[in-house]
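The structure under discussion appears below in the form of structure tokens.
All chains are identified by letter, namely A, B, C, D, E and F, in their written order; residue positions are counted from 1 within each chain.
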């Protein structure tokens, strides 16, 4: 096995053997930021209900995407996720929507990719609904915030991004 | 219909009617950037073949994700994509991998979301394979670069990011 | 071919040949009714936002299910749906939620099954969210309301259920 | 958490945390009824083999749908179903097909939605195959018949519908 | 572009551009053979109904697999198949089941892979149902029998395997 | 229950009850052979990178197919695979590519179908990439090589095909 996950000594992609890893409770949080202009902010807050359906749609898309991670990321193991939540917050002044995903599992591998996939798809769903208003939306800072459980232990991002 | 795509006058999410839109050839390019440290760069270039399989895996994941867009982004229409390519380039000095996706279609709606989804999933696939080496990888600048065809016409991002 | 759709002269299931059918604009509306008790009604209306997220979730589930019809109903053709909407209305006094789905397509086969699948899954999604409050919810009157386009022409249900 | 499943205190849809629920053997039975006219009955029984392939197709569609439940109903957890059966019976005189689904699992959440989804899709599959003969077929009485296992305990519908 | 389909001049996998190919009616037939011993033959013919449900299940699995081809074979384009049939025949004396798939499309690319995928999955489904009786079943001669339509024209296998 | 897996005493397809089977570590190996002519061999080895991307694509397609087995083969149980690898080797002189799949699981049912599905789809992916060069490629000898774990115990194919 090379240093890289999922690459064998022969340099070939594999879905690695986790049969002997112990089942522990694992959790991961990830985020994505969506940068929007003031016209898009105005469209979102015009009619509270609009933001309601846009955000509800993104939450559901993110939750469903977490469940599809092993179908999207080729070398991820299928997992029986025990919790997925998506929290969305709009900073009107900054023109920024923060997507925060939380995923839990009692199982043999971590759920970092599930949290990142959920945050990414929730962000893309908001992008999709706002793209008629603004064509140059940017999604950035898609990253892991925290990770608990498993052999490699804790990880907490050190940039004050923890929520 | 509100200003927002996919939101009806009642503020409810809908998959909008494109029955009467004309079929034109449409194209979109999108990008994502993956910020990695020098240890991860070294892992990728150690053994040319490693980068080969990592990048091959990401290309395929991106192509397959483009085809799954209407399943991931709830209000996207199912589309018969006629071309998908993923180009990956590693800037060793900068510690940056650029993912560039190109999607084409002869059809009734644009393919921006397909290009963005492909770039996003290709980037997450590389993240997945490198995460054992580096836990604080960041994906950023996920955005549309170009869009051609359809009623709303051309869009070219103005930041010199065009490839 | 027998009288039954999808059954060959040998009595075997087939996905029938529609290659030579003409492309026309087709539309179908379907409905489902969810019978709930007053406690469930109260839970739904307590906090307008609750109904918001429950109904938003059901709308999206219904829209996504319409797109999955050919994967769920084995002999349905894959179709490029051009519109899907789900309308939900709660009759508090009667203890009844009406799900109304509308699907459009420019293509070679009708979209009745897509409308029915959308209504069914939207109803099941509401059932899922209410089942902690009430265990004997019943979904009934899942049926086609209208159908337009294609060789077999118009169909309008004659029971005053048209919306 | 509100009274409604899957809705947080903030009124937002979540996939709730079942990490700490104990693994027990769970079972659910659900039903759906399909109301057909005598012409459709005649088509089904003309040639025993026809009913064979129609019913075989519906059984398989129902079994496969049970496995897709967490993809269809947004807030359902992915589950490793350990048994799914679909039983179909035609009451020729009454013009009624009864779909009975049974689902088992050793796991952390119940399988009511899996049983209901299986019954619903099996019924829609029969509808699809009969719709050329009869356009006003109605699916009704889609409901839970029994539920065993888990914290909330037993549920048996009290209307004599138990099979 | 190299001689190989789907490989660019740089040697990288791509989903090639078919935007400018003309829409023609295309058809492909493929086959698979399943070699079984006399005990398995006896199990299949004991009770005509058994063969009925085994074969019905395989037909439906093959039809559904044809529709999933672009999800399974990474560089295949999504296609709107207009016909899929699976024909199964048991040669009791030879201990051989022949699977014959036929797929049609009016579109821009051929349907060879759809026919081959359908035949393969139908054969695997029969394997699955017989594997408790016989552990050394072999699937062989999975190949294209005929192909019509498109720029590359006709192909008919020359070994007398045409049905 | 008949002798056939998945067929009830009534002769009907069921997803059998495995609730009471014990969880053991299970493993299966399967193979497929792809017969190609010397022109196709030449195309594959011309430019080592070509074979690299063709083989990388097939490995990933096989791994992803293993995870989709319960969606493809109707009566297979959903399983949490803990390892999947695809090994490919080209015998240039013989004009033969051997696909070898290995699947592991700690669970209640065997993984033979997962290994066979993975080998089959990996072989079809190579077929897809070579079909522009050669139209009469044949996939053969798709079979189980080894099986360990579970009540029915060991199976090793006796033909010297073990790798």
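Note that a residue touches a chain if its C-beta (ideal position, glycine included) is under 8 Å from a C-beta of that chain, and two chains touch if they have at least 3 such contacts.
Small disclaimer: the values here were computed from a predicted structure and weren't measured.
A.B. asks: Along touching chains only, what is the step distance from chain C to chain D?
C.D. replies: Counted as steps through touching chains, the separation is 1.
A.B. asks: Shared touching chains for chain D and chain E?
C.D. replies: C, F
A.B. asks: Comparing A-F against A-C, which pair counts more contacting C-beta pairs?
C.D. replies: A-F
A.B. asks: Please identify which chain has its centre, taken as the mean of its CA atoms, farthest from the centre of chain B.
C.D. replies: The chain farthest from chain B, judged by C-alpha centres, is D.
A.B. asks: Count the residue numbers both chain B and chain C use at their shared interface, divide by all numbers used there, and answer same if that is over half, different if under half.
C.D. replies: different
A.B. asks: Can you compute the centre-to-centre distance for chain D and chain F, using the mean CA position of each chain? Integer Å is fine.
C.D. replies: 32
A.B. asks: In angstrom, rounded to a whole number, how far apart do the mean CA points of chain A and chain B lie?
C.D. replies: A distance of 16 Å separates the two centres.
A.B. asks: Where in chain B do residues touch two or more other chains at once?
C.D. replies: Residues 12-13, 49, 52-53, 56-57, 60-61, 64, 68, 71, 74-75, 78-80.
A.B. asks: State which pairs of chains touch, listing all of them.
C.D. replies: Once each pair is checked, the touching ones are A-B, A-C, A-D, A-F, B-C, B-E, B-F, C-D, C-E, D-E, D-F, E-F.
A.B. asks: What does chain B use to touch chain C in their complex?
C.D. replies: 8, 12-19, 70-71, 74-75, 77-80, 107-108
A.B. asks: Looking at the complex, which residues from chain C come into contact with chain B?
C.D. replies: 25, 55-56, 59-60, 63-64, 66-68, 78-87, 104-106
A.B. asks: Can you tell me which positions in chain D touch chain E when the two form their complex?
C.D. replies: 49, 52-53, 56-57, 60-61, 64
A.B. asks: Show which residues of chain D lie in contact with chain C when the two form their complex.
C.D. replies: Residues 2-7, 11-13, 43-44, 46-47, 49-50, 52-54, 56-57, 60-61, 64-65, 68, 71-76, 112-113, 116-117, 120-121, 123-125, 127-133, 135-144, 147, 155, 157.
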